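Encoded as structure tokens, the structure appears first; notes follow it.
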Amino acid sequence: MFYGCRVNEHERRLAQVVEGILASYREHGNINHLDGSNLPARSEVSELLDDLVSVVFPGYFNGEQLDGLTSRYFVGARCARILRRMEMVTGRALAVHQCQEQAQTSEVIAVRAHEHALELLQAIPQIRERIASDVKAAFVGDPAACSDAEIIMSYPGVAAIAVHRIAHYLYSQRVPLLPRMMSELVHSRTGIDLHPGATIGHSFFVDHGTGVVVGETSKIGNRVKLYQGVTLGAHSVKGRDKSAAPVQRHPTIEDDVTVYAGATILGGDTVIGRGSTIGGNVWLTRSVPAGTTVVLDTPSLRFFSLGDRQP
Amino acid sequence: MFYGCRVNEHERRLAQVVEGILASYREHGNINHLDGSNLPARSEVSELLDDLVSVVFPGYFNGEQLDGLTSRYFVGARCARILRRMEMVTGRALAVHQCQEQAQTSEVIAVRAHEHALELLQAIPQIRERIASDVKAAFVGDPAACSDAEIIMSYPGVAAIAVHRIAHYLYSQRVPLLPRMMSELVHSRTGIDLHPGATIGHSFFVDHGTGVVVGETSKIGNRVKLYQGVTLGAHSVKGRDKSAAPVQRHPTIEDDVTVYAGATILGGDTVIGRGSTIGGNVWLTRSVPAGTTVVLDTPSLRFFSLGDRQP
Amino acid sequence: MFYGCRVNEHERRLAQVVEGILASYREHGNINHLDGSNLPARSEVSELLDDLVSVVFPGYFNGEQLDGLTSRYFVGARCARILRRMEMVTGRALAVHQCQEQAQTSEVIAVRAHEHALELLQAIPQIRERIASDVKAAFVGDPAACSDAEIIMSYPGVAAIAVHRIAHYLYSQRVPLLPRMMSELVHSRTGIDLHPGATIGHSFFVDHGTGVVVGETSKIGNRVKLYQGVTLGAHSVKGRDKSAAPVQRHPTIEDDVTVYAGATILGGDTVIGRGSTIGGNVWLTRSVPAGTTVVLDTPSLRFFSLGDRQP
């Protein structure tokens, strides 16, 4: 379509473009990663997570038939693969000195990555115990649920808490970068944003879930149920010193609390007492004692019928 | 990196890990699927859905040029592939006895899966008729819309209702597991959660859509428009008997109703009369007659200027 | 499984299905694209966007190690690929006469597509400058953020604004279809819906982000921060003449404004003065002067303790 001297003109313009972009790399260095080290790739973390989920829910997500005889070999093969993948991505995450002060030799990093990988595998039974309670809570909590298979294979709230249980374990072991990447992978898929730092008791159920946000220092008890659009958030903190010891910025939700759609609960001093019910769209920035029900005051609506002038 | 006796030590620890996970499979059986049968894989349902969508919107999503001459062969080839894929995933879904009482022979299951597959293909013209009305409603309803192509290829609300029309048909034919998996695939992609059980009239439009939840027993009339964050939900039902006949737990929305962003309408007895307008963030748990406008009472805001003390 | 005359019966039914679908194509033409031209495929736009993002954030998303020596060749190769991909998808978008009146020859379209592609590459340094300010804003604005790497690789708000900066550039150059497809790709992944038409100043940060909607004609100043579920929307416009000159239908947000979760700000005449703070769940349809804080009136809640009768 373009011939002769036009081709050279095109070459020249493209070369200029490349030089312009390279100049921009020198000018705005905070969004480059040009130190020659590898970062954990999103696709690698995604594959690792798929492997972990296939071991947590055997027979559901691995694409193979499993039974009592074959499951040992399946688990063995997957654990071996998880070990190697974890070593690799954890090693890369450790190497970028995520939130860390001093550099470490590649030997030291490799040993630490291996230990983190093995510890995660060792933790799978306790992680599964929690997740088994979450699936039961979903079955009990949703009238539309008709089988464990349906819940495990299609409920976004179950996908989100399952990944959270894994990511929170890695967060508690101080593995950098990886927990948040895992959380965001499932946030992207479900619209449910559970920060890996949040502490969540057993039998947790998020119904529908799109728009749920649970902040880093939230503490959630047992048998808590959240609906779509619920925020457990912080008051705005301007200019926090990131090197200071973390304080609790997000609420405490005690056992057996239900929070309905769109409710917002804010602040590290806010405690929702056990057995409380927080109604839809409620905005709450202070504690309530055990057994409290909080609802929006209904007279805040105005009704106009067809004959009236509308606002 | 690790040599000699360390290797054996590593082998020993990995073997322990595997045994620990297998013990956990015995202990928490509700999240296993170890009976040797295959489940419909998420990826298979996703591919089936892509095929269905490519036949519903010919020329938009199939990656090939289509015209009057070639479309017959395209449709023939896709229908044949849909038939076989539907037979496979439906057969698997039927085999896991989803919500069913008695086991069936694989012969019976295969015949039923084939019938479901063929019936779905036969229903495509009527499904397309509905979807054509939805695309028209999007074009009329959104000032920013500038062509059918833009709407079909990029509007999440159109993707969600198109998949819903398919999933609702399968739900009405009592195909297990598959309808909900389809709904959750598009929920994951769009943030719009339309339960396959919901009955939705023609010319339905969801604008933006993230956070929309429409419950299983909702009944929605013609020319209804919902904005992002709208919930058509149920009052909490504790311990419902899942074997009991389903009652209507979600609202009825009559023809020509518009519901603005963030509004929540709850309860199986709640009827929003035709032509009504429900304002943003409204929380409604009772019926309103035809032609009603409901808005939030505005004085519920407080304003502080720079000189004031802030709360 | 089926033999003899049953096979013919099956063939006959499948042939009927195909004819039924073809008849439906003739009847409901608004959801067909059967004119023999190719549309830009979602997957192609997605790959193009991945390439663009890998050049904007070098070393983060390309899956290769980059350093000072290798980055020139990486950028050169990617720019060449982006050029060709942009030419192809832009050419297809121009060819479907998106929002245009008169047909153009394929020669003219190819020249225009090439110019659009080159201009986008030339704009990357200025796009990067904006995105570098956005990443800084995220680091300052989120107490949980612990490194640029974490922000760039996992924050949905950063992914959304980075794609918006690219899509908005294409929108401002009047490239059809492509900007909205890009916006919807990242909306699908993040739940953040920034219309490519919206004008957004530097140092923009969306925290968490699920459910955020920013309309086509919004004007946003510098250092603005939005939380999840914020809507900058339009009053409903019925039957707008699409060929008329666009008026501002969405709000103006001046510099240094923070809008908390779930707030809704509507209307093209609404101006939020600089330095203002809009509280969570606030519903605002009129302007406020600079330095205003708007919060929900708290007494709109009712509390019931365990002994009380609940509503």
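Per-chain numbering from 1; labels A, B and C assigned in written order.
Assume contacts are C-beta pairs under 8 Å (C-beta built on N, C-alpha and C of every residue); 3 or more make two chains touch, one makes a residue touch a chain.
This is a predicted model, so every value here is computed, not measured.
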Inter-copy rotation, chain A to chain C, in degrees (Cα atoms; steps of 5): 120
Chain copies touching (chain B, chain C) - same or different residues, decided at half shared: different
Computed distance of Cα centres, chain C from chain B, in Å: 22
Shared-contact residues (touching 2 or more other chains) in chain B: 191, 210-211, 229, 262, 281, 296, 300
Residues of chain A defined as touching chain B within the complex: 55-61, 63, 65-68, 71-72, 75-76, 79-80, 83, 107, 110-111, 114, 118, 121-122, 124-125, 128-129, 131-132, 135-136, 140, 143-150, 152-156, 189-191, 208, 210-211, 227-229, 258, 260-262, 280-281, 296, 298-306, 308, 310-311
Residues on chain A engaged by chain C in the complex (per definition of touch): 1-2, 13-14, 16-18, 20-25, 27-28, 30-39, 41-43, 96, 98-99, 176-177, 180-181, 183-184, 187-188, 191, 193, 195, 197, 210-213, 215-216, 229, 231, 233-234, 236-237, 239-240, 242, 249, 262, 264, 266, 275, 281-284, 288-297, 300
